[in-house]
Each structure stands twice: as structure tokens, then as C-alpha cells.
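Some notes on the structure that comes next.
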Amino acid sequence: MSEALRAAPQWHVSQWFGAAGPVTLESLRGRVVVLEAFQMLCPGCVSHGLPQAQRVRDTFPEDRVAVVGLHTVFEHHQAMTPTALEAFIHEYRIGFPVGVDESGDGPIPRTMRAYAMQGTPTLVLIDAAGMLRGQSFGQVSDLALGARIATLLAEAGAERSA
Amino acid sequence: MSEALRAAPQWHVSQWFGAAGPVTLESLRGRVVVLEAFQMLCPGCVSHGLPQAQRVRDTFPEDRVAVVGLHTVFEHHQAMTPTALEAFIHEYRIGFPVGVDESGDGPIPRTMRAYAMQGTPTLVLIDAAGMLRGQSFGQVSDLALGARIATLLAEAGAERSA
Amino acid sequence: MSEALRAAPQWHVSQWFGAAGPVTLESLRGRVVVLEAFQMLCPGCVSHGLPQAQRVRDTFPEDRVAVVGLHTVFEHHQAMTPTALEAFIHEYRIGFPVGVDESGDGPIPRTMRAYAMQGTPTLVLIDAAGMLRGQSFGQVSDLALGARIATLLAEAGAERSA
Amino acid sequence: MSEALRAAPQWHVSQWFGAAGPVTLESLRGRVVVLEAFQMLCPGCVSHGLPQAQRVRDTFPEDRVAVVGLHTVFEHHQAMTPTALEAFIHEYRIGFPVGVDESGDGPIPRTMRAYAMQGTPTLVLIDAAGMLRGQSFGQVSDLALGARIATLLAEAGAERSA
């Protein structure tokens, strides 16, 4: 069995919160990346997606698993501004960097379009080599997600020792 | 035992959502009123206060119990604008009228100050005669709240038949 | 509108736990009674019915609202013996008296049959005068239950002052 | 870094439910084994341990991950008999084999003693080679458990291809 892997598309971010500088895919090479795409006024993101991303942050070591939020606003643009997002991040105590997906032509922002996301929340898994390894719209169980992350970590470890 | 009752302070609302016109305390006379004061970026309001207010709306008949939301923004004013609130109400499917508490001198809005609320969420109970009968900051249990509402309803009924 | 009330049927209990002596309906006259009929191996009783009965116990004063459990075993009789029930009450820290419904002819015990209960959990409400005022099989919301109890309490109070 | 592994102690089971015959550690060689030690009247087992074991059963393929329950009764022996356990398994729809830990000298059953378990629920992880790889008393998060299982699966896969 063989899977045709493709590199994770570039991120287009206009502004970062909770990061010293831009967080690029290149800078995360060597770590498994969990990207949580959300909108601050999306109920499923608030009740499920973001708490799960925070649990991932609290469970895995930061030098092996990177957790990154991406604010992919595709509706209510006037309401979900960067100013509003900053207050949201503060109030919900989001403990990982969050980027603002850059607006493109039309309502859908650029990174969201590049990944062909269907909505929010969307969870994206990228392996230590920068390959796109999973993308789920809606709810993912913690058991399945923990297993998926550990599998990518095991691959990364095997690569290193090879 | 006797309780010195005071009339519920007037509401100062600059804008209503989900209502044909202004919702005044006078217009609600004869009904028990559950007022849910909240901020759209307050986690406890989103996870507890507003869902509970919605359950009250779904449990009691509308002609006997009025449920009203009040957006009492006392922090992050730039983030929690009426435009943002409107999107929030839409996304969270809030099924009762919501007023925007009018800004006053300083960060605390006028109605919030008149009721001396300590924060959000705050649940206020007003009886059918317009008297202030309860005010709780933080979580209230459904059992206790259901009992309190029914007690006020029973009083209103007794008054009517007297 | 008028409701034809009937007296709550007698309880037939072979053994009591958590009570000094037999708990009779007569001895509870003057108090609102919440009767929780359950089976210790019924998942809905363990996850919903019994915790709710405990919340009622913790919310209302004991001299006005009585909470009583009734072990109505109608299946797996060999498994749900009084010995097993006693361990269950201990482990789940049930904080109200529990009676063992007396076995009758056939699998259904006597009190369960007298009340024509359809299964477990069943919640029964009896007013301060001993009248049967409500019976629900399955889940009841805390808001609705709190309201129902308070309504019966208000009636009892009105009676007393009349 | 190296970990001194030891073989998972033998299971001593007097009776199996939900299995065609005895489930031995040897017969599970080649699969990762999740052993859930519980007591049917232990609230934490009912609310947390057993539902988690069931989620493991539903998440991972049966030919790679075996889920086995072990009824380790160390208190209330009269209440938690095999007859009662059988009814419990039926009512809670436990979808994996459950063994009755054989009684030993004193209240603690034999397998529980061999594994030096401190109480229930206890979750035991055994790798595909039959080595004891983890044992936790109390709650384990789904994320951490999913990761742990996947790590053992990755090891088993690496071994096979080597």
C-alpha cells in the first residue's frame, strides 16, 4: 500500500497572536503540527475544537508537537475582526499561537482556500517532514486524534534513527 | 418574616435584537421576568448562562415567563460591538430578545450599574409586579432556578385570583 | 379546569435502608414527596435518575420535601438482591432512605404494579396531602422538576395559611 | 535510555463472559492488549473506566488491539457475584470479554494481587510481545491513552517488518 503524499500548502497569515514572530511551516519542520482552523463565533469551535487543541497542547511536549490556531473567517467578517479575536484569545486563555488567515478574493480567506476546507472547525495534521497527513471537518475523537499524533511521532522517530 | 422589596431598576438599552420594538419592564408587567446579563466573549456566559436562559425559554410558556438577554459590556468594548453581537446571536441561535446595555460614564454600562452587577453572567429575577426578587452572579442550578420561577408564578396566580 | 386527584397508592416495602424505621406515606403527610423508583443495574437510573434525586435532596429543605428511593426490581432478580443494593447505596453514597419494593406474583413488585410504572427510572410526585400529582418514566429536566416541586410547595403553604 | 521490561503476569480467571473460551495472554500475542480492571459497583468504573474501554474497542481494529475486562472484586464480595456481573454486562452492553478474577487468600483476588493493583478502575497496557507496558489507577485521558496504544502498535509493526 502506498499513499501519495503532498506537501502541506503554505500558510498565508496577516497577523499573529501569542507568537514572537511569524510561525512558518518551515520553522516547524521536525515537529508534528496540529493546525486548528476556527472562527471565534462558531459554536462547535468554542465547545469542541479549541478545547481539544488545548488538550493536545497540554498532553504532548512542545518540542515534538506544535499546536497552531488559524482564524479562518469566511462569514460575519465585520464581527470577527483581529481586535475581537485578540479579546477572545485572552478571555478563553488560548495557550498556543493563533494566526489570522489572510483575506483573499471573495469571502473565503487564502489559507482556508488553499487547503480546500469545508468549514470550521477543521483539524489539520502535518508530519515532521511537512507533508499533509490528515484533515477533518467537524468532530474528531480524542482517542483517534491521540493515536494519529503518536503514529506521526513514531514515524518521525524512526526517520531520525534511520 | 418580611422582605423589603424594591422595584426593579429601569433598563437602559441603546439597541434591541430579536424584538419588534423596545422591550420595557412596563410592557412585561404581569409576567415573571428572567433577565440574563452577559457578554458575548465571557466563557461562563457561553457555556452556562445563555444555555440556561434558553432552557428557561423552552420550558415555561412565553405569556407567563419572559426571558430577556442584556449585553452588559464592561471590558473589551472594541471587540464586543453591536455588529459582533448580532453575528453572535445568529450563530448561537439565541431565541429571546437581547438588548445592548447603554454605555455610561466609564467602562460599566448604565443598566449594569443600576443593578450593581458584579460581573457576567448575572441572572436577575423580577416578579409579575415589577419587583426585583433575585440576582445571582455566576452559576445557578436548574433545580433552584426552576423552583424560584415557579414560586413567583404561584404568587402571581394567587394575586390574580385574590 | 379541574383535575380528578387520587390518593397515592400505598407503598409495599419489605426492607428499608438509610431509615430508622419504615417510611410510610402517612408519616410524610405535610411534606412534598419525591419518590425515585429505580433498579441498581439500570444505566439510566445510575447516570440520571439517582443523581437528580440526590440534587433534589441537596436543594430543598428536608422538612418540606422528602426524597425516597424505591428499588423496584422487575428483571435480573438474582443479581439485584437486598445485599447487592446495600453495597450499591454505600458505594454511590445515596443520601436518602431507600425501600425494597415487595415482590408480588410474577416478576413485577407490588408497589411498581400499584403505580402502573412502565419501567425505571420513574419519578413520582406526591403532594403534602398525599395525592398523586405526577409520574414520569425516563428523563425529566431539572428546570421542570424544580418548578413542579415549588408549585406543590406553594399549594401546601397556601393551604396552611388558609 | 532503556526500560527494563517485564512480562505481564499470568491472568487467573475463574469464569469468562462474552468469550467462546478462556482468553489467555498467549492467545493475544501479536496484539496490543488493553485490560480494564473494574468492579461493577465502583462509580468511577461505571462512569469513566468502562465507557473508555468501550471507546477503545470501537476505535481500534479488533485484530490489532484486544480489549479485555477483568472483574477484580476486593470488597462487597456478596454483592458482586458472577450472577450479578452477568446482569451488569447485559444492562451496560459491555462489548468485550470479561473475566472474573479468581479469589485468593484474603479479600484481594489473584490477578489483582499479581499486578499489585491499588484499586479500581485500573487500566493495564500490554504490548504485542506480552510485556507489561503501563498500568494506571484512576482516570487516564483519551488523548494520552490513544497515543500510548498507537505507540505500542507502531512498535509491533516495526518488529514485524524487521
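Order of writing sets the labels: A, B, C and D. Residues in every chain begin at 1.
Everything that follows uses one rule, which is that a residue touches a chain if its C-beta (ideal position, glycine included) is under 8 Å from a C-beta of that chain, and two chains touch if they have at least 3 such contacts.
In this text the structure is predicted, and so the values were computed from the model without any measurement.
A.B. asks: Fitting on CA atoms only, what is the rotation between the copies subunit B and subunit C? Please report it in degrees, nearest 5.
C.D. replies: Result for this pair is 180 degrees.
A.B. asks: What is the chain whose Cα centroid lies farthest from the Cα centroid of subunit D?
C.D. replies: With centres defined by C-alpha atoms, farthest from subunit D sits B.
A.B. asks: Could the interface between the copies subunit A and subunit D be described as same, meaning over half of its residue numbers are common to both, or is it different?
C.D. replies: Same; most numbers are used by both subunit A and subunit D.
A.B. asks: When the C-alpha atoms of subunit A and subunit D are each averaged to a single point, how far apart are the two points in Å?
C.D. replies: Distance between chain centres: 35 Å.
A.B. asks: Find the geometric centre of each of subunit B and subunit D from their Cα atoms only, then give the gap between the two centres in Å, rounded to an integer.
C.D. replies: 50
A.B. asks: Out of subunit B, which residues touch more than one other chain, so two or more?
C.D. replies: none
A.B. asks: What chain pairs are in touch here?
C.D. replies: Those chain pairs satisfying the definition are A-B, A-D, B-C, C-D.
A.B. asks: Mind pulling up the subunit A residues that touch subunit B in the complex?
C.D. replies: Residue list for subunit A touching subunit B: 41-43, 46-47, 75-76, 78-81, 83-84, 86-88, 90-92.
A.B. asks: Using the touch definition up top, name the residues of subunit D that touch subunit A in the complex.
C.D. replies: For subunit D paired with subunit A, touching residues are 55-56, 59-60, 141-151, 153-155, 158.
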